[in-house]
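Letters A, B, C and D name the chains as they come in the text, with residue numbers starting at 1 for each one.
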Amino acid sequence: MKIGFIGLGHMGAPMALNLIKAGHALTVFDLSAEAMQTLADAGATRAATPKAAATGAEWVVTMLPAAAHVRTVLSAEDGVLAGIAKGVTIIDSSTIDPASAKEFGALAAAHGNAFVDAPVSGGTGGAAAGTLTFMVGGSAALYESVKPVLAGMGKNIVHCGETGTGQVAKICNNLVLGVTMAGVAEAMALGEALGIDSKVLGGIMNTSTGRCWSSDTYNPFPGVIETAPSSRGYTGGFGTDLMLKDMGLATDAAKSVHQPAYMGALAQQLYQAMSSRGDGKLDFSAIIKLYRGEKG
Amino acid sequence: MKIGFIGLGHMGAPMALNLIKAGHALTVFDLSAEAMQTLADAGATRAATPKAAATGAEWVVTMLPAAAHVRTVLSAEDGVLAGIAKGVTIIDSSTIDPASAKEFGALAAAHGNAFVDAPVSGGTGGAAAGTLTFMVGGSAALYESVKPVLAGMGKNIVHCGETGTGQVAKICNNLVLGVTMAGVAEAMALGEALGIDSKVLGGIMNTSTGRCWSSDTYNPFPGVIETAPSSRGYTGGFGTDLMLKDMGLATDAAKSVHQPAYMGALAQQLYQAMSSRGDGKLDFSAIIKLYRGEKG
Amino acid sequence: MKIGFIGLGHMGAPMALNLIKAGHALTVFDLSAEAMQTLADAGATRAATPKAAATGAEWVVTMLPAAAHVRTVLSAEDGVLAGIAKGVTIIDSSTIDPASAKEFGALAAAHGNAFVDAPVSGGTGGAAAGTLTFMVGGSAALYESVKPVLAGMGKNIVHCGETGTGQVAKICNNLVLGVTMAGVAEAMALGEALGIDSKVLGGIMNTSTGRCWSSDTYNPFPGVIETAPSSRGYTGGFGTDLMLKDMGLATDAAKSVHQPAYMGALAQQLYQAMSSRGDGKLDFSAIIKLYRGEKG
Amino acid sequence: MKIGFIGLGHMGAPMALNLIKAGHALTVFDLSAEAMQTLADAGATRAATPKAAATGAEWVVTMLPAAAHVRTVLSAEDGVLAGIAKGVTIIDSSTIDPASAKEFGALAAAHGNAFVDAPVSGGTGGAAAGTLTFMVGGSAALYESVKPVLAGMGKNIVHCGETGTGQVAKICNNLVLGVTMAGVAEAMALGEALGIDSKVLGGIMNTSTGRCWSSDTYNPFPGVIETAPSSRGYTGGFGTDLMLKDMGLATDAAKSVHQPAYMGALAQQLYQAMSSRGDGKLDFSAIIKLYRGEKG
């Protein structure tokens, strides 16, 4: 199928490459000439604008940093909506707030196009391996229709409900992730200070009620899980600044529906403290440094 | 073997019954005549005092509400140390602070007795089924020696390190538990307010990075996990007041070693809010009521 | 002087009335016909659009709920910038984020107009009495030039620095206000639970190191300060939802400069909890209800 | 009058010296020979034990670090109660938990003695100058009777209610103090990051609704208040570790009556973070370092 793909960053580039491998014909756009070149080398056609990428496409996929970028890419004079054919579906895999997702859905509908929000989990590793999870917001029929496209980039394609609910699922999951990581960091550092061996503590936690992904797969204490970023200097995982963005989306979403978000708001400030001391590029599990007296 | 068993509450009684089933001869003590009767009916000998329960015993097991009770049971005029033979090991399965456990270890040692802290996880269900996990603090040799006794009451018997580390493991695990439950409650309530189906959200969380025992086994949102207390009116699980006690132990232990415990301290206040509005007897996952606008 | 005044809400209406009393000629605009009528009755000229209100004015004053409204009022086709003469200064007394204030300053400058941010404190009482404090952001020369206009509406006119710093001052002050009120509420409720007379406790606090406006002028415990909203059922003061808006501005501003805002973020959630239970219209000192077990 | 005085630390020594200046005959006890020598040089009689200090005294004053010390000083074999004559009143000026104060009141009563809790505010400066505030818990008659003694050490002697309420007043006041200081530090650092001059911001806060002792007398930002510890390197004020102790008393007292203490618990963790990084001896306003990126 002919796919217009816009946004070739750390996530977008490997996703687009997988679509090519899956046999699709891609026309791509990104502000970075280098990123464009990589995709062109793999067989994609370069477009000069989002409009050009969307022109003639049977599907349009966007993978962008924030809602403001999606808005511009869709609505600008040389944007997607200026080029896309009526009836074509736009798949936005960016992580953005649910309200903006709904707004883009309405915008697309007014233009005669369908729109699904389909944020991902799985990180750059999952993007490269084609094993991402997609959380899809849109009607059941739309969900069925986008599955073949998403199957080229991921393994697990989940229908979350109407437009926006893909973002809701992503945000709520990452809220839990940000909170549990802070909690595990706090407890592992406390255990160390109280004199228990950290591998022993990790082992107990992981077979007991404290069990969680932040402990059994991604434990923030170095050496407990050999494959975790903590065991390689907190490099190469999910950056603190990205977690901070997601915690901001969660507390903003909570504000929008008048829900308190005590734990998330506090965890957000702790990641903020990491960012403000210059540790924003480290994996988010480096939050344990705040508890172990390691300076930024 | 002859075992003196002191403390026949919701946990202690089924633990003692399992020791009898395992073929041990028990002499028991509790302030409740009713609890004593239940054990006597099962074949235990009643003792009039902790001292009497310890006299002639080859092992002494204590299962009490707090450190103050353990102190009294050990040191009072009619206490364990007044009756116990030299060389006999005391196993304390109460959940108490690590410093008190060390103090009791020294107290026993000065008296010619060994002491291990062996708090449990698994709740009243695990106590009845004999499937508790024991977290044992004491020397490697002591750990080996107490294993056959603990095997009569539990399945998983873990060596945590020197005296007090059993309590450290218990406290750190439950700190994570208290924090993750609050985080999951916050996220599930947020998802509901944002319009996603709670079963769908739970399902995504449980196969993604938000995965944790508080979500996949004990989800606080009614109906997500059919076997969780939330699906039966928050009854019959691990009471909010008990979680509050454990969060207090965690933040107090953190204070004792000058560690910040941001997340734990905040979660503690939320459980406190539940307790102060009269919901202390509900399962601790009822904390979600604070987020769903359900009055106490 | 001829003044165009846009925004005749609870604050704007009495401010505009005071400008009339001070002898200025006002042309006013608001979406509410009723608000327009009140001002017309007092001698103001009604304008059909912000553009019309700005046309021919020597000064333009805006008093609007949020940055989005200011943006529209300035930039819309029938907005202020479409009607205002070059060289005329725009005074924005809305409480908005500092970044938007700077943006509006640049927008006005590009159009040949000066802009000052001049948010107020003093509430509806101060607006009516003409005793507001204005926190002015703009050059020293601009500050001097706007003083005669602001003097018609307030008593205390403070120069805070360059454009945007008026909003910074407002936001930082209200951050402290929101935090101290939550702290005083927590302490007064704790004192009550511990058995001290609340007037005695308030008296001690107010002559000791706990002294603060939230305690000595606006104490949240009923009866401690007779003139405080707490002594008249939490009516008629500074609404919880308005405090919530300001706490949101503070934590958002903190996010924008990568500053942690632990205390503000937590207080924000507590006001959020009040709002979500239906108490958003009560004075913000009603936050003490969260601590005294009073249901929403 | 003959006064037995026990506890000659940073607070106790100047308090005892003022009693001598006021014409009282003092018999003193402290574990430090140096502290004893200072008082002896000023005319006090040295006692070998608390019992000896209490023997023959018409009043006994204690000024000790924590409840455990008071308990020992009162109850030990060579303690106050072993030497004191029946009918003599014990004045405890230590800062301790209200429950312990009540316990000591009952202990004294059982022994035929009266007891008042009379914690102080005013710091070492107030102790030296004789301008302390005493918060007195005990019957109205007792309060009247101790006034002449306390008048030798302080200016403001306030009756708080029955035994223990002096401690309640102290704890609640310092809870507010700890929270407001954290809030002011957060806001002053935020203002700095957002580009407002700190003296200007402090000036606005101090004449507006953010006004509080932590801002107008003890502002944590260097240079805003010349006489504050922040303007002399955070030396010589009220140490972070002492504030930490008081925040611990407040949250423990809240726990004892099932009151949530959200703001206090969070502030406590922030002071804890200061202490754990080695800044426990700095004035508690140094908490602003956590916000300004100043390393410990």
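What we mean here is this: a residue touches a chain if its C-beta (ideal position, glycine included) is under 8 Å from a C-beta of that chain, and two chains touch if they have at least 3 such contacts.
Which protein is which chain? UniProt says A, B, C, D = 3-hydroxyisobutyrate dehydrogenase.
This structure is a prediction, so every number in the text was calculated from the model and none was measured.
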When B-D is set beside A-B, which has more C-beta pairs in contact? A-B
Can you grab the rotation angle between chain A and chain C? Superpose on CA, round to the nearest 5°. 180
With chain centres set to the mean of the C-alpha atoms, which chain is at the far end from chain C? B
Would you mind pulling out the distance in Å between where the CA atoms of chain B average out and where those of chain D do? 37
Give, as an integer number of Å, the spacing between the C-alpha centres of chain D and chain A. 52
Using mean CA coordinates as chain centres, what's the gap between chain A and chain B in Å? 39
For chain D, residue numbers touching 2 or more other chains are 254, 258-262, 266, 270, 273, 276, 290
Chain contact topology (line, ring, star, complete or other): complete
Listed in rising order, the residues of chain A that touch chain D in the complex are 262, 266, 273, 276-277, 290, 293, 295-296
As the complex stands, chain C meets chain D at residues 98, 121, 133, 135, 156, 158-162, 164-165, 168-169, 171-177, 179-180, 182-184, 186-191, 193-197, 200-201, 203-205, 207-215, 218, 250, 253-254, 257-264, 266-267, 270, 290-291
Could you pull out which chain C residues touch chain A in their complex? 248, 251, 254-255, 258-262, 265-266, 268-270, 272-273, 275-276, 280
